[in-house]
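Here the chain labels run A, B, C and D in written order, and each chain numbers its own residues starting at 1.
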Amino acid sequence: MQRFKLAARNEKSKNTVVAIPASGQTLYIGEGYCTVIAGPCAVESRDSFVKTALLLKEMGAHILRGGLFKPRTSPYSFKGLGREGLAIMAEARELTGLPLVSEIMDVRDLDYMYEQVDILQVGSRNMQNFTLLEELGRLEKPVLLKRGLSATIEEWLLAAEYILSNGNPRVILCERGIRTFEILTRNTVDIGAVPLLKQLSHLPIIVDPSHATGKWKMVIPVAKAAIAAGADGVMVEVHPDPDQALSDGKQSLTPQNFRILYEQIKKIADLDGKILV
Amino acid sequence: MQRFKLAARNEKSKNTVVAIPASGQTLYIGEGYCTVIAGPCAVESRDSFVKTALLLKEMGAHILRGGLFKPRTSPYSFKGLGREGLAIMAEARELTGLPLVSEIMDVRDLDYMYEQVDILQVGSRNMQNFTLLEELGRLEKPVLLKRGLSATIEEWLLAAEYILSNGNPRVILCERGIRTFEILTRNTVDIGAVPLLKQLSHLPIIVDPSHATGKWKMVIPVAKAAIAAGADGVMVEVHPDPDQALSDGKQSLTPQNFRILYEQIKKIADLDGKILV
Amino acid sequence: MQRFKLAARNEKSKNTVVAIPASGQTLYIGEGYCTVIAGPCAVESRDSFVKTALLLKEMGAHILRGGLFKPRTSPYSFKGLGREGLAIMAEARELTGLPLVSEIMDVRDLDYMYEQVDILQVGSRNMQNFTLLEELGRLEKPVLLKRGLSATIEEWLLAAEYILSNGNPRVILCERGIRTFEILTRNTVDIGAVPLLKQLSHLPIIVDPSHATGKWKMVIPVAKAAIAAGADGVMVEVHPDPDQALSDGKQSLTPQNFRILYEQIKKIADLDGKILV
Amino acid sequence: MQRFKLAARNEKSKNTVVAIPASGQTLYIGEGYCTVIAGPCAVESRDSFVKTALLLKEMGAHILRGGLFKPRTSPYSFKGLGREGLAIMAEARELTGLPLVSEIMDVRDLDYMYEQVDILQVGSRNMQNFTLLEELGRLEKPVLLKRGLSATIEEWLLAAEYILSNGNPRVILCERGIRTFEILTRNTVDIGAVPLLKQLSHLPIIVDPSHATGKWKMVIPVAKAAIAAGADGVMVEVHPDPDQALSDGKQSLTPQNFRILYEQIKKIADLDGKILV
């Protein structure tokens, strides 16, 4: 028996499509669309981020990602530019018209992130940070809810339920790989989660092949698999110079490889008549 | 440092393509081909198996699967028809011209299985049954090596190495899901294993979405994902009446759904110029 | 190469012993001591909690546990009495002289919890809630850091490092079971973590057999195993009437069984000359 | 609902105690006894094995272990002396009077192993090698059934059921660690399996802390934990010179450390009134 109610398929007559207000036009994530979210793992500098944003816009990306606060396993790793990075992201949004997605780790950051960030991301480590989920449930802002590293599908949908039951229906799920015994890859993409969620829930589901695999050479094939399995989009890391990235360089695509990814998933999305602009 | 040698990509200049002698023509599994293996989990009766075989042949399947000895977790479950079932499989092969793949569990069954079965399958539970692998390494028969339920990629390639190093280069890998904490699906398909194996090894890799998911509704999306990720084919369970199957009915496709699967993966294979007859 | 520094054994000449100021005397957790923390999963009512506290005091428990904010997987489950429950805990502390441990989930609760709670617990789901860890690192209060459900030993010690590197050396680790494929038990106790942590770190380590197993019949044997393996104590759930518990009743000991547990682990602690009052 | 029948607690009125015929006296494994099985991972040479056997006998070990056929992950690793090693083991048994336990991997080895080996061991990789289990079920010889690397408790008991239902009640279970995401240890000892099996089944259960941890420094604490949790014994690897061992040296105890282990677990066994000679 399912413990999730508002997230369950039977609760609504049709699939949720989340509207993302963007400059000039509104974007949609969900049924009938194939959304491509791209950007560097962390915002590192104004020049690098703006340059990447312009390239991504030109190559077709729909939404710009960038980390301000990086939840790093070690306290001694680069943790992001924080509030300073937000001004850089806002400038990139102004220049490109692309909506922004960025991770929120602390409810106290909400007041100044709320205005500038179009989609608030909840990271894997915070999937069961229930006080954060409840706060986001009281907003009118889309939330990208990443699956916890060892969260079952049911736990994930129950985390979504925390947001939904507080009044915010704008939840986008993001599969980003689960923890298994395999050590050659960073995580194991649970590709079956995509069709399973489509049966159990009406919420849109995208896949993040970058964090899931940890290896840029695997990103394109896994992104193709995600769209073929029915995902509503992908979120990928792109860095102008992956070797110099301050975090997650090994899993970042170069802009050239992003172009290849875009073309290849477009062909698969086309088979199902999905809109990829 | 890799401990597998003959299975490693650097050992050979090109990808292994395994030839499967079939009546009238030779089939190939590997680069450039998309192979569809189908059939019921277990051979249950002459009429049911022959009927299914004829249907599958008509719908485009390339190879016929059928279990003679089912490795059942409980000693009280249906264990297959054994040697008697082999005569049924042989008849179906005669009628359809489709080559046969069936699991071997005991080296003592080799003598009579060798003649009739075109591809000898090593099941997950026997992936590290090294005496069996060594025997198969001394044959000139293709071997379909399923990944163990909790085998790492390296352990899997080392199991292949047992066959290769004994003289038999005709190894086909088969991803069939790994064991994780997720309980809504039978296993978790490691879709990333497909591109990773393509980087590490020259051996062909196919995916079994039926055992991997345990739910027939997930079989088509996961099969599509497998081909999109670069797999050389799929192996699926098809039963004329899944509700009446003596084993694994819940994960078996009806012939009608098999037709849909075939058409859909063909479109994806076509994008990469792969031959699916 | 280890990424944790302050948590590493080589950084300090001796094992950390955390002092817990208690009314009348100071308690210690760490080398040479065997500490027993007990109490109900959640504070449910004044009468029930005070009654249990008095019983536990009489039977030898050293520290009283009780949940105010229960991080429940489903938003529809009982979530604890919150701030109201704290007054009940404070009364029980007054009556028994036992120090209190309770979970903190939100940094905004710190101001009023700080005075009344003697050990602030970080739950599994928040083990990588880095903003919470950083705040706790700035306090002069002992922190009980539970292992995340799928956290590696290294990740766990790096989480401790977040607290230590912010200035608070009073960290007590708590193994509470990890997530595996096994489904008959709630989690799998990683008993090997105890001796491994003793080699890698100077921090005290206790074991929570209640959450780890989810079955009260397993609590006593696993608690004995923990002490035999070298743990510095155990934390167990005790409820006057487990069948009526609002959460986790199946894993709660009756007071009678707590007495048996206490006697049995005392015998094992005695073998190693550990003080269990 | 349990699928195992003969292995289930409700099927028999009392716990199974397996008799091991030894020269001069009969040994017992099960309730009331604490059995210590020790020896090197593999039989490497006559001198080394006999010397170790004499030392172990003098230090109190009850049963001598030694591998003839080592199931090695890589085909290029040392695989054991095979049949030649059996003569060495038989000589050690003659000299010490200790019964022998050794792994059987291939039913075709049964004829000559049957006479000399007192307990036939089924290794983790073969826990679901059902044809092997069925053969062993037809013998009148004790079988030590190791848990598969990712076998659930239910699957393990069903594997035992294959032996029991074929007529052999002499099954001893052996927990040897399961595969999890943790990478600092070779496997994760499922200590909770001990009390859980005592509730579910009447079969004796021993623990192998050497394979389970992969680190000799963890062997003594985990062995103590096993006995404290209610295990009927332990099986440990001992090598006269672990640094020179051809396999698994890192997890082998020196004879001196074996003596410490023996003394320490004796104290814990004494608390429960168990006989350790």
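FYI, contacts are C-beta pairs under 8 Å (C-beta built on N, C-alpha and C of every residue); 3 or more make two chains touch, one makes a residue touch a chain.
Everything numeric here is computed off the predicted structure, so don't read it as measured data.
In terms of C-beta pairs in contact, A-B outnumbers the other of A-C and A-B. Centroid analysis (C-alpha atoms only) places C farthest from chain B.
Computed from the mean C-alpha positions, the centre of chain A lies at a distance of 35 Å from the centre of chain B.
Touching two or more other chains at once are residues 150, 179-181, 183 of chain A.
Those residues of chain D whose C-beta lies close enough to touch chain B in the complex are 3-5, 71-76, 105-108, 125-126, 128-131, 149-150, 155, 158, 161-162, 165-166, 179. Within the complex, the chain A residues that touch chain D are 150, 179-181, 183. Taken in their complex, chain B has these residues touching chain A: 150, 152-154, 178, 180-185, 188-192, 194-196, 198-199, 212-213, 215, 217-218, 221-222, 224-230, 264, 267-268, 271.
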